[in-house]
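Beneath this line is the structure, given in structure tokens, with notes to follow.
Think of it as A, B, C, D and E in the order they're written, each chain with its own count starting at 1.
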Amino acid sequence: MTALVALLALPLAGALAAVVLPHGAVRGMVPALSVAMLAATAVLVAGLSAQAPTRLKLGQWPPPVGIVLEVDGLAAALIAMTALVMTAAALAALRSEQPAAAGARAAFGFWPLMLLLWAALNAVFVSRDLFNLYVGLELLSLASVGLVAIGGKPEALAAAMRYMLFALVGSLLYLAGVVLVYAAHGTLDIGLLADRTPAKPDALALALMTAGLMAKTALFPFHVWLPPAHGSAPAPASAMLSALVPKASFVILLRLWFEAMPDRAQDGALVLLAVLGTAAVIWGSLRALLQTRLKLVVAYSTVAQIGYLFLVFPLAGGGSAEMPWSAGAWTGVLFLALAHGLAKAAMFLAVGQWMAVTGSDRLDAMRGLATAMPMTSFAFALAAVTLVGLPPSGGFTGKYLLMTSAFAAGQWMWALVLAGGGLLAAAYLYRPLAILFARADAPGPATLPTRGMQAIPLCLAGAAIALGIASETPFELLSIGRPAAAEDGS
Amino acid sequence: MTDLATHVFTGLGVLFFLAGSVGFLRFPDIFSRLHALTKADNLGLGFIALGVAFQAGSWRQVALLALIWALVLLAAGTVSQLVARHALRERDGR
Amino acid sequence: MTWALDATLCAMILAVALATVLGRGVFRAIVFFVVYGLLLALAWVRLDAVDVALAEAAIGAGLTGVLFLAAFGRLARSGADAEPPPGRVNIAAALASAALTGALVWAWVALPLPGRPGPELAEALPRAGVENPVTAVLLNFRAWDTLLESVVLLAALVGLWMLARDEAWTEPLGLPQHVRPGGVMASFGRILPPVGVLVGAYVVYVGADRPGGAFQGGTVLAAVGIVAALAGLVRPPRVTRRAWRAALVAGPAVFLAAGLGGAALGAGFLTLPERIAGSAIFAIEIALALSIAVTLAFLVIGPPETGLEDQ
Amino acid sequence: MSGVTLYALTGAALVGTGFFGLIAARHLLRRVLAFNLIGSGLFVYLGAAGARGGEADPVPQALIITGIVVALSASALAVGLIVALARARGRAMLPEEDVGG
Amino acid sequence: MTVWLTFMAMGVLVSLAGALVRVWRGPGRADRMTGAQLAGTSGVAVLMLLAPIEGWATLDVAAILALFGALAAVGFVKALSADGGGDPEEEDGDPVPLAGDRND
């Protein structure tokens, strides 16, 4: 309980302090804060493994009067992944920040926005109140847009503006659904909603909220904002935005379809979500193949990887709910989400270091960089292993669980998507890897990042692999408080 | 008696408002239209405030009515002056 | 008869909204939007939601309007106020919009009778520390929403400041303002602030028992600051002034500290013990109103600018 | 038809009107205006739902006040972005939509 | 009394609609802004008329409306001055010319 409060309050307090304190003090505060957050995460996870989900009634008011927070395995796993990625991104930002070059403006803005983003993510992961989730999402979106705009170049401004428009539309659609839910049921609490008699407008509310969250998650065809936004933010910001932010709206989708309204999930709608996910895998991969800037390759890869997450809907919801294969699909998708977060953050942080060295993120500028910077190149390769889904990575575990579930359900086409998507990922990641590990034409760069700096992406990519090797612990964690719909029916 | 006063004053006030609007629509240029804004409407608002004051249950409410009217008067005076200057400049600037 | 008033009001709201969307010219759209906010405030009064009416009058009609007007002026000076000529009528968009409206109308008809937390709220209200139920929901029952909302404002402001030019970063916020000494605007800027501070403080103060509260009152105080700045009475500060940055975070900080205090005392995060709930909420409201006032004023005034870049 | 229903229908119509503006307009300031129309339309709808059956429900009112403040925050950031974008590009439109005119 | 006041409020709304016609037609930006100002005064009048019906807290809304009406108008003249910070009473600095649509 204390750990949960700390995980919510620390980043908020840190953000407030980062607005007031002088820059030097903020730089000193951030590592301490990250350590405290990691410690609180460890306490939270340890406390959770022993028992059922932790519930916190804010202000001691039970719903429908008050707001309930609940930490289940899903929330705890994402909080932990967020803590790792945020810490890594913060360390990378601390080490790469050059006050003279970056300017006092960017140096001032980065830390409050980053900490507000962290607070918003944790708040969304644990909230069980639909309107509270709306406020959390807005905080997330505004902080993200600010981080994209921090670059200040015209492309960054256009990307931030486009992001803002999609975020606004997404919020409004989600809000429309929330309004309908409250009008029909007089409560916003997910737990209470699950027990209410279904009302006629529920399907419309669910559709509106889902559409809004799809725009925020950047599911095809609402993905157009993502690559330019993630491509033009500073590298540590891109790492957070790509690894973490789409997961928040995805978690809300899971809460809606599996916890708040599982019995209102129509099979057709579930299949449609997975079809859009399939389209995202194909389209994102093809676009990634065509990019000449490495950051855009990585960003389009996020579009494709987000697509996989939507395969969970037909495999664990609707007619598949409480079937022998539904738990596997649920856990598999969460493995994919966690592995993608760690691997994607590693990639963006590695690219950021290469950009600092070569001055550009064009693919042809990276030729032979592996000789000079083997650690970051190895990190990129490990992250690629995870994204392709090769053993023994966390990506492999996720895909394996999903594929087994798809065959068991007789829905083999989703298995095909997983296999085909892996091949496509191998194709678009082979290009940068081949260039990196090619023989260098020119002498290596004169100044290199420190070894500690180069180790940061390696740690993240290593964690993504470790997720697959030691899959037992996360597997146990993710099964805590799994919604009934995704529970093993056997 | 108080009800009668309310009827009379609010009725008068609304008449001023309607007259002001007609003037505002029909007057030929911005400067004469600004007259409609400052004269007829503020007079109308004064009558309405007076009429409603007869329904008030406490002096606090009456004071608030008076304050609001004063606030609107102040704003209207300032605004018409500034907007007129602005319009003059906009016209001459072309 | 009352029904006719509602019908007239609704028709006018719709007409103004349509004029905002369909009329030519961005400036016209902005002016219609200002009127729209004003009419909505009337609608909220008719819907028995005076707290919302206060917020709408202050924020919807007032601050948002000033924000858009200032943006229009800046766009006009960059030559970006022009709109492209209207293309074909966008039939797909019209159909989608009609479908959305139709769906909401259908939902209204299909809504079950109000299921609302009436009994639970009535039971909880006496322990909330304030009599105004809306304030009780905002600052006690759903305090977590309100705390997050107060940092949403902060996130928007920090994001807005990131849009400043690097060379303008150490300049005061907003454009430099100047007025004719002794002119109408200068005297207006001197008369309005005391009145506004009075009204704003009053709205915050009565919020515990009657319609009003930190957000509405804070917005009025923000308006005072904006008028004072526009009239050249005060100069907006620089971003580097830490006292002002402290004012930005005071409200959320006091709110968070109160929430953590509850946790430290063993009552639980964001729990206000019944004995002190009233005074705790009052303290939070005062700090929040201050921060909201400063944040909103800065949001409208804009990021630091040199004022030299235009032409 | 009761007064409350009238407001709910108005809210629904406002959402549609704003949605049209959001899709059809290209000038970004107009789009942010349209965003505000949709938001307030939803709030009117919610407020009407809360006012059903006599006694006004305070929860929607609190949600709406929160929503109004959040909408203002988003509008302020969006408007700032538009101004910065117009200063950089000379146009208040997204590059890909800036055709003709 | 309720019926009478409601009727009067409708009368003021009708006059407000007249102001809206001017906002639509213009032709100048000052005409439109003046129309909005008139609408604001009418809104204050409606709120006053509704106070005995809806409760006197309505007057608080009216006060805020009056305050913000003035703010919007000052914001207008300021925003459209030559450098975005001027005063139409000053010697120099004409309003910004329209870049686009003249009838805007």
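Quick note on the criterion: a contact is a pair of C-beta atoms (placed from the backbone, for glycine too) under 8 Å apart; a residue touches a chain by one contact, two chains touch by 3 or more.
This structure is a prediction, so every number in the text was calculated from the model and none was measured.
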Checklist line | Target chain D, source chain A, minimum contact steps | finding: 1
Check: Listed by label, which chains are in contact with chain B and with chain D?
Finding: C
Notebook entry, point to check: Going only between touching chains, how few steps reach chain E from chain B?
Noted result: 1
Next item on the list: Look at the interfaces C-E and B-C and say which one is made up of more C-beta pairs in contact.
Entry: C-E
Margin query: Between chain C and chain D, what distance separates the C-alpha centroids? Give it in angstrom.
Written below: 13
Notebook entry, point to check: What whole-number Å value describes the gap between the mean CA coordinates of chain D and chain E?
Noted result: 21
Check: How many Å are there between the centre of chain A and the centre of chain B, using C-alpha atoms for each centre?
Finding: 57
Notebook entry, point to check: When the C-alpha atoms of chain A and chain C are each averaged to a single point, how far apart are the two points in Å?
Noted result: 31
Item checked: chain E, residues touching no fewer than two other chains -> 14, 16, 29, 33, 35, 60, 63, 67, 69-70, 74, 76-77, 80-81, 87, 89
Checklist line | Interface hub residues of chain D, defined as touching at least two other chains | finding: 15, 32, 45, 49-50, 57, 59, 63, 66, 70, 73-74, 77, 81-82, 84, 89
Note to self: Please output the residue numbers of chain A that touch at least 2 other chains, ranges allowed.
What the structure shows: 131, 135, 138, 142, 145-146, 149, 157, 176, 183, 186
Item checked: Every chain pair meeting the contact rule -> A-C, A-D, B-C, B-E, C-D, C-E
Notebook entry, point to check: What does chain A use to touch chain C in their complex?
Noted result: 2, 5, 8-9, 12-13, 15-16, 19-20, 22, 56-62, 64-67, 103-106, 108-109, 112-113, 116, 119-120, 123, 129, 131-132, 135-136, 138-139, 142-143, 145-146, 149-150, 152, 157, 176, 180, 183-187, 196-197, 199-201, 204-205
Check: What residues on chain E touch chain C, complex-wise?
Finding: 2-3, 6-7, 9-10, 13-14, 16-17, 20, 23-24, 26, 29, 32-33, 35-36, 39-40, 43, 46-47, 50, 54-55, 57-58, 60-61, 63-65, 67-72, 74-81, 83-87, 89-90, 96, 98-101, 103-104
Next item on the list: Provide the residue numbers of chain D that touch chain C in the complex, in ascending order.
Entry: 3-21, 23-27, 29-30, 32-34, 36-37, 40-41, 43-45, 47-53, 55-59, 61-66, 68-70, 72-77, 79-84, 86-87, 89-93, 98-101
Check: In their complex, what parts of chain C are in touch with chain D?
Finding: 2-3, 6-7, 10, 13-14, 17-18, 20-21, 26, 29-30, 33, 36-37, 40, 43-44, 46-49, 51-52, 55-56, 59-60, 63-64, 67-68, 71-72, 74-75, 78-85, 87, 90, 92-94, 96-98, 100-101, 104-105, 108, 111, 113-114, 116-118, 121, 133-134, 136-138, 142, 145-146, 149, 152-153, 155-157, 159-160, 163, 213, 215-216, 292, 296, 299-300, 302-303, 309
Notebook entry, point to check: Where on chain B does chain E make contact in their complex?
Noted result: 3, 6-7, 10-11, 13-14, 17-18, 20-22, 24-25, 30, 33-34, 36-37, 41-42, 44-45, 48-49, 52, 55-57, 61, 64-65, 67-68, 71-72, 74-76, 78-80, 82-94
